[in-house]
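Both complexes shown next keep subunit A, but they swap its partner, so subunit B is in the first and subunit C is in the second.
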Partner chain A sequence: MAKEEVIVQKVLEKAPYAEGKVKRERRIEFKVPADRIREFLMIMKENNFESMMQITVVDWLKDGEFELVYQLWSYTYAVHAFVKTRIPRDLDKARMPTVKDIYPVAETYERDAHDFYGVYFEGNEKMEMPWILDDAEQGLFPHRKDFDWLGYTKRKYKILDRFDEDKDNYVI
Partner chain B sequence: MVSQSELVKEARENGMELLPLDKDTYELFFGPQHMATENFSIILKMDGHRVVKAIANPGFLHRGFEKLAEFRPWYTNIALLLRICVPEPDVPEAIYSMAVDELMGWEVPERAQWIRTVVLEMARVSSYLFWTMGLGFKLGVYTAGQWAAAYRERLMALFEELTGARVYHIYTIPGGVRRDIPSDKWLRQLKDTVEYIKDKLKDFDNVLFENYITHRRMEGIGVMDKKFALDEGVTGPNLRATGVAADVRKLDPYLFYPELDFEIPVLKEGDALARALVRRFELEQDLYILEQLLEMGPPSGAYKVQDPRLKALPRFKVPAGEAYAHVEATMGDFGAYVVSDGGSKPYRVQIRGPSIAHGIRVLEQLLVGARIADVPVILMSLGNCPPDIDR
Partner chain C sequence: MVDWRLFEPLFNYARKKSLWIVAFCTGCGGIEMPPLMTSRYDLERFGMMPNPAPRMADLFLITGYVTPKTLKRIIITYELQPDPKYVLAHGSCPLNGGIYWDSYNAIKHLDRYIPVDVAIAGCMPRPEAVMDGIKKIMEMIENGTADGWKRYKENYEWYKKNQDELFGEGWREKEARRWIPWLKKK
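Now for the complex of A and B:
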């Protein structure tokens, strides 16, 4: 059996609530309910996934959901794991528990996700600290798919006033 | 002698803020105009010349690349995403292309893989020379810095002949590379350049890496251990300086690396000097890799995939799915996560720059207790590159 399958089986034995599969050589994927994510990442860390590479937020506008992909890398096995979970994308419901006590570097990734997507990570005390965006851009969450980027650009840069608002096929 | 309260008053009147926090400490804004920080700012709480607390303040280079990439066709994104990493723009090109290749299910021709490997290694050498330049300037060893800049110029000229551009090459594209190697003369020139830089390494050792000043300034500052490094997501030379023999080129091999013979330099100390020396040894290994590749010679065949879907690029679509590709850059582990919904544009692209781990939490913790003069040295030893934090 390939090492990836062994890892997936080992993790799923401890976490029966998750779904797992091997994507290809050195890439594995898990789907976990949002409320068990802390528990699951603790199991992953015990299983030699030492480092967290990034937290990606994918905005699935049609489903009304955010997909959070916690990406872990194991130096022991040389395997990259995607841990996926889905949460509602409404501003008041897009809340997750922080995982900064499990992977300290997650604090930075969580600040990034909050600044651009408005996912609030409970327990991360740096959530309200300014990150990349300016003060005037706080609360706009510009990477969301329904962000009105043309309207925002026109408000911010007056030079775009000559464009016709009814047309929507500008390529900028 | 002006008293502190007069100084504060004068500063306020001129629209400046000088903030004495209490009797002993004051607030100091380090960057973004400071040469050492490169479009990045650190807010320091100082006690005399010692740092008590540091807060990294990124965002001066934010151009929203990840959002812009969602509005552009697959191939156009190459000209956009490479701007995420200034010293080695071939890395974002390569990872994005590798992720798209995986989504398309393409087997990239051998010749294209060989050229990509050569370009990535040239980028590594050029980036290390660029870094040596910065280190020389920050330590006050200006000679070494000027040499490094001059030798890098040779690689820039070779890049220009190969790709048409000096810095931003827009050369690696999904499915291969944009055009073939210009001539055998170019390969001979590259070989000469590699030998030339290899000869000069001894000079760098004499002037910079074995210099008393370097050791005095870098030894024992900014120390991190193995556990701290793994927890904080530290990768690349910074991780290898703490005793972990990890290299993406060995652990998750891509392109021609499985066929190449090279070593991973590892040091245990974990201080700024160890990080600098790991980079010095890696420069030597990269030159050795380039020598091997040139010895091998480019395989014959096409330099990009032949696919009927490429006939009409404006209608080019990528099947739904997601892929993650990463390479070993000189800063660390550089990765791209690309999601497609089957359309003519990416649904989501996220670039994982190594500096998002090195430049925020690691830096904030390493700076505590350092002298103000050591701040640029610690920044440089971490190889912090602000554009990949801001994106």
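Now for the complex of A and C:
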């Protein structure tokens, strides 16, 4: 049996609420309900997934959901694990417990997710601090799919785009 | 009493031959600087060298796209430079946004915020193109047409209006209070 399948079986024995599968060589994937992400990541850390590489947010606009992908890397097995969880994408409901006490680096990635998508991580006290975005975009969450990207750009920089250009005010 | 304007051609010749660059690389064009500075293209034969202090520099290279956050630093650095100062913009992003034409976080026209003397087209311009731009700016310095710093003084209201429109009034004080340790509010 391949090492990936052994890892998935070992994790799923301890966490029966999760779904897990092997995607391909050195890639495994788990789906976890959002309220149990902390205990699941603790199990993952016990199973030699020492480092967190990224927290990715995927905006599924039609489903009305954010998919949070916690990407973990195991130096012991050289395996990359995706831990996926789904939360509603409304601003007041997009809340997650923080995992920064399990993986300290998560603090930064949670601030990233909050800046660009508006996911609020409860327990991360740096959530309100300004991070990458400038003051003008603070609180607009520009990477959400329903953000009017082009309209905002045109308003901010007072430009026309290549579709409504005119001869007097030629831009591109 | 000496009329120093008589010596202006001599000064311009000297300025042309000793352009010091602010070591302030924005965007992707910063990676074109190492080959320019090192043995292959060897910019120092023109008397140019990168300098970490804006107080001692003449030439400001805007190497690539400029975000509003960087633009604040660029404006402050530009105003710190002593007076004959020249700006050379690399690539299409400072001209019209380039591939970031629809991005909320890249400014579209750099010459609305600070004066640009020479702009090099391309994405990214090769080191040869940058050297061509530098040659151009040397010619312009010698015949006195590189007058961006004079335009900045004359049209300061216009530049300031554009800057304030983008950043909001009082952005200098706000940024200073946010980042300079002895001005920080406890």
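Points to keep in mind about this one:
By definition in this document, the second predicted complex is superposed on the first by the 160 of 172 C-alpha atoms of A that agree within 3 Å, B and C clash if a C-alpha of one lies under 4 Å from a C-alpha of the other, contacts with A are read in each partner's own complex, and residues count from 1 in each chain.
Quick note on the criterion: a residue touches a chain if its C-beta (ideal position, glycine included) is under 8 Å from a C-beta of that chain, and two chains touch if they have at least 3 such contacts.
Because the structure is a prediction, the values reported are computed rather than measured.
Once chain A of one complex is fitted onto chain A of the other, the partner contacts of A:Asp135 are limited to subunit C, with no touch recorded for subunit B. Applying the stated contact rule after C-alpha superposition, one finds that A:Tyr157 touches subunit C and leaves subunit B untouched. Measured by the number of subunit A residues touched, the leading partner among subunit B and subunit C is B. Once chain A of one complex is fitted onto chain A of the other, the partner contacts of A:Trp149 extend to both subunit B and subunit C. Contacts of A:Pro104 after superposition: subunit B is touched, whereas subunit C is not reached.
Applying the stated contact rule after C-alpha superposition, one finds that A:Arg27 touches subunit B and leaves subunit C untouched. Of the two partner chains placed by superposition, only subunit B is touched by A:Val69; subunit C is not. Once the two complexes are laid over each other on the shared chain, residue contacts for A:Asp112 go to subunit B alone; subunit C is not touched.
Judged by the touch definition given at the top, the superposed model places A:Thr56 against subunit B, while subunit C stays out of reach.
With the contact threshold set out at the top, residues 133-134, 142, 149, 171-172 of subunit A are in contact with subunit B in one structure and with subunit C in the other. Note for the complex: subunit A touches subunit B at residues 26-27, 50-54, 56, 58-59, 69, 71, 73, 75, 78, 80, 82, 103-105, 107-109, 112, 116, 130-134, 142-143, 149, 171-172.
Residues 57-59, 62, 64, 66-67, 71, 230-233, 235, 244, 246, 251-252, 322, 324, 326, 333, 335, 337, 339, 347-348, 350, 352, 356-357, 360-361, 389-390 of subunit B are the ones that touch subunit A when the two sit in their complex. Across the complex, subunit C is touched by residues 133-137, 142, 149-150, 152-153, 156-159, 161-162, 171-172 of subunit A. Only residues 67-69, 96-97, 101-105, 107-109, 165-168, 174 of subunit C touch subunit A when the two sit together in their complex.
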